[in-house]
């Protein structure tokens, strides 16, 4: 069993706030991340797939295939977008790094596992000082 | 003469578009950077100051003083903000990396030069694949 | 369950040597790391916390709270300090990266776990070519 | 138990192709990686060893000893070499990142474990956008 | 006047050797870089263009246009190639980082300057420990 | 004319303080950098040499020769040392990044220029947030 990881990047706007709360309460809880006019990040995404090495190719999964899956099911929805307003799978979801990782897992689990590999972890780096990792449960 | 550079970071939303143009024309010219709902970046700012070394301290400029100037005149206006909507000195300005560098120069030249050093360059890194440098003329 | 990691940095002097050994023996065992006049590093610390995502905030733990805990219980003791001479919790301890990770765990376990999250790992990067990870047992 | 990781680097040429296939079939399966005249990478290798901390030294394993083992059993064979043509332990093996990790494990397991530590993982970074990890089974 | 830089990457094999010299002499002069079976690198290319900011767009040059020019005139010739064997503009040229920078300048000067900007520098990073810069004269 | 840069690293302890000042005054001027028990950094040094490309080798200067010069005249004096106590050429000099760059220039100018190249700049990175550059005048 080997793990292989592909890195992808996307730039997006977002905001942390609950609509039903006042701006003051949102600021108390989320600080500057609640700015009503949005802010944004260069997010870095690491998708890790686990599997056995194919004897013929030496691959767990063809990285260009993995790249296509990630672009098709995640990147095209979020790159140069507003995570809160533009992305169907973030409707009604707080766009914290934690939830981004969980929703990306849900987007990628089926198409990645259909290749014969097994989705192993999703890592989202939001700034150089923080990242989250999700392992599917 | 020595050059000393301080790095600062800020996360912001922005959009490239001319209000007087249609969305189609904006997309033709600015591509995905024109998304009406904004996108964002982790910007990295490098402020370079040139000067002679003070014999007593060994400093061109005290880096913590330089840091305070940069935070007071630039970072507090742009971090976790929308560059187009929230920042007085970007009013009516296309928020390209080029113009960000020029406007930051205008914000920093006077307070930096008041320390005895001389503002030498502003570098703005927008993504890992592009950056701009401005030297004041 | 999600893991979230916060990165912090500190710059410190240290030395690897046993007081009861001669300088020659210390040099034999620890090489240039035993220099009696000290050397130093820009250490990078990664603190990883595991927990469930709060439905209301989307957080495992508020990163600014985690940052405050790490600064209060670790960084303020070690940044711009001599690890061997200035830090109470390194008294009598060889300041190898391994022991730094273990002692930081002891400093952080209680205050981190009091937030409802669970301290999951401490990673210390000493140079670009080496790092250690400790998982609490 | 602590894990300690040493990073090493090597620059090498390689090619992904099966000799018994036509160039067309190799291109279909391996794309530009099958270029008959080779291409190359700056590979980054991370060797992770797990063990208990020695009370006297504070070490899991002396990093300079670990470095010597990695240079002697891996780096000297692959640095500034052609992985397909020059390296005995890649004879008849597809030089994918996956197989590089597995073969390096086989080279390192015995000499690393002879030190008293336990080889824990081999990570190979081929480009800034992909890496593999192998844990020995 | 502003400078804008675009980063591109390519992975290639190469070798430093003079055909008319013996392998021994080549090894004496070029060391391990003369390995007859090639080695390779992940090269990083920085293309810097200088110009005035267009008032309408805020651009010195459209980065996606600059990217297209660099891919068309440089990257497509060198990525996943053997610099000595596969690249017409390196025929008879020692493929040192210095010469790579000079030849890339010759490839890019005309198409970049045709955009209205002015090619300002070519930087080639061969490993994390060395890079060259060429300014066209 | 081409510029070639070699990166080297060293880890050292230091302190900013004037012996004739009280500890209070030193703290007022140099802040935490004045800690009497020292602190330290992983310094990164970039040595840039300018010259014409040798037609036979394609080199401005042989990088392994440049590396030897830098190790012999700088690194061996400062790596795993105390800059204030252990280094002859820092006697009586405030070990600010600015002065480190100037003193390294003085150490390297003669041996580098003896190779036929011309020392062009010394860059010292002290932390990820600051660096200095010196051009010899």
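General remarks:
Order of writing sets the labels: A, B, C, D, E and F. Residues in every chain begin at 1.
Criterion: a residue touches a chain if its C-beta (ideal position, glycine included) is under 8 Å from a C-beta of that chain, and two chains touch if they have at least 3 such contacts.
Predicted model, so just to flag it, every value in this text is computed and none were measured.
Counting steps between touching chains, the shortest path from subunit B to subunit C takes 2. Looking at C-D alongside C-F, one finds more C-beta pairs in contact between the chains of C-F. Put simply, the C-alpha centre of subunit C and that of subunit E have 42 angstrom between them. One simple way to say how far apart two chains are is to compare their mean CA positions; for subunit A and subunit D this gives 29 Å.
Counting partner chains per residue, subunit B shows two or more touched chains at residues 128.
Because contacts link the chains in a way that matches no line, ring, star or complete pattern, their graph is best described as other.
Applying the touch criterion to all chain pairs gives A-B, A-C, A-D, B-E, B-F, C-D, C-F, D-E, E-F.
For subunit D in complex with subunit A, the touching residues are 16, 18, 29-31, 93-99, 101-102, 128-135, 137. Residue ranges of subunit F in contact with subunit C, taken from their complex: 9, 11-14, 32-33, 35, 37-42, 79-82, 85-86, 127-128. Across the interface of their complex, subunit C is touched by residues 1-8, 53, 56-60, 63-64 of subunit D.
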